[in-house]
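A short write-up of the structure that comes next.
Chains: A, B, C and D, in written order; residue numbering restarts at 1 for each.
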Amino acid sequence: MGEARFSGVFAPIPTPFGEDGEIAYGALRDNLARWARTRLAGLVVLGSNGEFPLLDQDEKEALVGFVREHFPADRPVIAGTGCESTRATIRFTRRAAELGADAALVLNPHYYKGAMTEEALRRFYLDVAEASPIPIMIYNMPGNTGLNLPARLVLSLAEHPNIVGIKDSSGNIVQISEILAGAPPGFAVFAGSGSFLLPTVIMGGVGGTLAVANVMPDECADIVTLARAGRLEEARAIQLRILAANAAVTSRWGIAGLKAALDMIGYYGGPPRPPILPLDEGARAELRTILVRAGALPASGER
Amino acid sequence: MGEARFSGVFAPIPTPFGEDGEIAYGALRDNLARWARTRLAGLVVLGSNGEFPLLDQDEKEALVGFVREHFPADRPVIAGTGCESTRATIRFTRRAAELGADAALVLNPHYYKGAMTEEALRRFYLDVAEASPIPIMIYNMPGNTGLNLPARLVLSLAEHPNIVGIKDSSGNIVQISEILAGAPPGFAVFAGSGSFLLPTVIMGGVGGTLAVANVMPDECADIVTLARAGRLEEARAIQLRILAANAAVTSRWGIAGLKAALDMIGYYGGPPRPPILPLDEGARAELRTILVRAGALPASGER
Amino acid sequence: MGEARFSGVFAPIPTPFGEDGEIAYGALRDNLARWARTRLAGLVVLGSNGEFPLLDQDEKEALVGFVREHFPADRPVIAGTGCESTRATIRFTRRAAELGADAALVLNPHYYKGAMTEEALRRFYLDVAEASPIPIMIYNMPGNTGLNLPARLVLSLAEHPNIVGIKDSSGNIVQISEILAGAPPGFAVFAGSGSFLLPTVIMGGVGGTLAVANVMPDECADIVTLARAGRLEEARAIQLRILAANAAVTSRWGIAGLKAALDMIGYYGGPPRPPILPLDEGARAELRTILVRAGALPASGER
Amino acid sequence: MGEARFSGVFAPIPTPFGEDGEIAYGALRDNLARWARTRLAGLVVLGSNGEFPLLDQDEKEALVGFVREHFPADRPVIAGTGCESTRATIRFTRRAAELGADAALVLNPHYYKGAMTEEALRRFYLDVAEASPIPIMIYNMPGNTGLNLPARLVLSLAEHPNIVGIKDSSGNIVQISEILAGAPPGFAVFAGSGSFLLPTVIMGGVGGTLAVANVMPDECADIVTLARAGRLEEARAIQLRILAANAAVTSRWGIAGLKAALDMIGYYGGPPRPPILPLDEGARAELRTILVRAGALPASGER
């Protein structure tokens, strides 16, 4: 059943760029090999952390194939395939399926905010779900899109057999609870950020796809495992410990913070693609302190 | 210690008005007697649900005294005393103490949004805490005030010995977690709405002050008790069951919904004070259905 | 007719406080005498700049009487009388009329944002207009209230014979235009801030009630006069010149900035009432530079 | 000089699609021929009204070339070339120049809202301006992007010789005034919507690029001409008359409304591309009434 395949902690991986601004496939392969040695359930390629809007279409397709090929076949790779138009989303979702993606994480169109009524969004997701050969996960990311997908809409979409879950990055635990209260069994609800992973799992969520899971994958996986085992005190302790590190790679410094953190812990982070600016020196020093406190880096800060 | 006195579930009671628009003290006495027979830890008088901005100053003072007098002395009564000016807040907090209030729930000034910098708000709360003979609880209610009190500010205030806790109605579980991660031991964090009571308690909160606790007091108390006992499945089941009822008396229909619900379950609700409009018939029918589903009313709907 | 009495530029005067925190009536009398020598059409007492939410009820009543008494009888004094409850608003509006106020500027209730539907707000304003012996002006101040009064609501209220105008502080020139396109003849639309005075007048507004009019009354009056005379270039030059000074006493530094500016130009400003903090030294220096550039202070900065 | 070429009223044309969902070039050619017979100063292709985010890259390039080719050479065609990445924006801007575009209207990147600091946006625009063989116009569209470009940033960019103007769709007349107060001579400020065209021109703007200019081009052009001639009453009368029609094709029904309006007045509108839904019958009837009232359709509604 669905939960077997899509549950636990997924890392929405960043796209590594070299000094020349092109995708650094060697570095990516090395990163993938390291993530494969963690307790991550799977990966998301072309999520928001993957800088997908900054990539050309051919880069996006190449990345899906490459990541699927270089990550253990028994662990799912989910591809972000949402575009502004329905037809481009369908086209790319089908292509991602051909390239081996196990599911598609579909961000809602959002540029034409006024036109994206519940009816328009419902139509969009149903059209994509009908046309897709792989399962669809809804991606709610109001911080970037400026639109929230309300529980009522999500619950109506959850009835479709090819819409298998949602990554909700709203951080709105009430909305997440409302989805969990009303969704059919097996509908997978993922926390969209590490800062509310434990509350989501406590309310019935299956896991999370979390920027911070790139940096602290096992700690994130442990929160889910401990919560399921009823070891709440331990789960809470980890959850509280990673809050600042999570903020550093999301709300506070975003992708630039995530890439800098990866560099610090020995993965390849590298520069973001312009117009995103890299972290300046002051922020890097502060980030290092945060990572040490979170236990992601030894106190010496040396590796 | 503090937690003994300020923990568990508090009901922020509505102010009953008669047909003549004046406070209906007889009805209030009867309501208080019924709440006293529940597992509520205490009450809040003059919270947002108490229509405090619609009351005259003499009404507010009379209410604090009356509620304290007619509720069991071993259960705390917390009075809402926040005003826009520092001096009026101090004056009323002292008066509430004289009238027997066990603590003051202090809403932040918010009309001059641009002027309410973190420094201004910090100064406000410290001045009030210094001057108050009773403990101060911070009241964060961004939905009504249009201002959020960020975790950093709350944590700085939590250092003051006379600031003993916060009612956070933001619904932002990340912010609540950040407060819990950084606050000194004994600082009491209350969920400000029934929709995120369990997540708050799971993260370390001591309880909630919840509109829905007026209507379903024992169910709310049970969530806290079960969560503390590690009986998560049961706690979650209640939490998910009360979501719609909670929304009905808060985000959806507010005080008008709360008063109508009280009327339906046999308490006195009565009309809100203008400009708040009472619930129309269609909404009442829908509310009745929601209360039946939540288990707050028998299916027949008759009482 | 109405326009004869309520048009042109009004200053919403600040409330002066002494070192002891009480209202400084002597300073107020001196200020009033100076404003009386300008081309201001009238004054607003107890507007947002008057710190009305920080005043006690007896202070508010005393201020209305005092200002009316000490300002030329042929120029209107408008009193801010909006409260959260309908009955308190009616009571105070009637009292303001007894005290000599020529009209009431009525801010909408806003604490219970969810309950303040168009229907509730319409009911509120109609009830107040029916009960008031003096004309009512609507006061739309979304920056402080967190609620906007849409054009449709305003136009429905404009039909009432005792609702004679609006002070719109939204800065939304489209909304102001929609009101002007649909309102009955004689309905007076005032710009609520000096930054959009000329556009408002160009679209058909009768003037403004402007914080900056406390500091640069004649310049503001000139914008209206020049615009009416078709001398657009000159009006625009003044409008562009006062933008930064207007921002300094509104969006940027608010009441603290306004009071500091008054001190600099020789009126009495004095301290704001806590929790509003006074301007710090750095901001004062910057404010002085802005006033010099706007022509409100001689370049030497000495007075 | 710049103003000679980039001033007056521009229509940001919609992209016509046939029943098969592909670009209907024949219909587009006919539309272009009709717009050429109006007093429009020029056109914008691939603006928000052009559904640019819903087009494939090859479609976008083909459109730029086609529109330039089929519109009178003495009237400028401005191409929307903004992409999320700096490099894609530069690449497409250069390509648009090759295809004959007279200027590029560059929307700011906006998906990574947290990362789009003033510094990042400044860098983005300067990099594009440096690399572009044609003049750059800034495009501020907060309603769709969720980000506003503040006056300070715009003024800093206005110093660059290849950044020649801004289309500001914020509707914030204060911000527009601040830009006009501080920009170097010749920096062209365009209203981004027909609802604030006259106020913008009065404050010193050179014209507008307006959805409603597709439907009522000569009325829009007249507002500018009359305002420049000091015939304010007439300009205001037209401005007030077109407000509802403007809202119908922008804030209210967006592109679906614009296309339906074009169908009604005898141009080709056709269906929007999914996920945008076409206007339903009720809305069409209401739109027709609005167009009649605005004078865009004869009262019979027949053509």
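Assume a contact is a pair of C-beta atoms (placed from the backbone, for glycine too) under 8 Å apart; a residue touches a chain by one contact, two chains touch by 3 or more.
Keep in mind it's a predicted model, so treat the numbers as computed, not measured.
Undergrad: How short can a chain-to-chain path be from chain A to chain C, counted in steps between touching chains?
TA: Graph distance in the chain contact network comes out at 2.
Undergrad: Where the centres are mean C-alpha positions, what is the separation of chain A from chain D, in Å?
TA: About 35 Å separates the centre of chain A from that of chain D.
Undergrad: Roughly how many whole angstrom separate the Cα centroids of chain B and chain D?
TA: 50
Undergrad: Enumerate the residues of chain B that touch no fewer than two other chains.
TA: In chain B, nothing touches at least two other chains.
Undergrad: Based on which chains are in contact, what kind of graph results: line, ring, star, complete or other?
TA: Topology of the interface graph: a ring, with each chain touching two neighbours.
Undergrad: Quick one: in the complex, what on chain D touches chain A?
TA: 21, 48, 53-57, 84-88, 109, 111-117, 119-121, 123-124, 127, 143-146, 251-252, 254-256, 272-277
Undergrad: Mind pulling up the chain B residues that touch chain A in the complex?
TA: 171-174, 177-178, 180-181, 193, 195-196, 198-199, 202-204, 230, 232, 236, 239-241, 243
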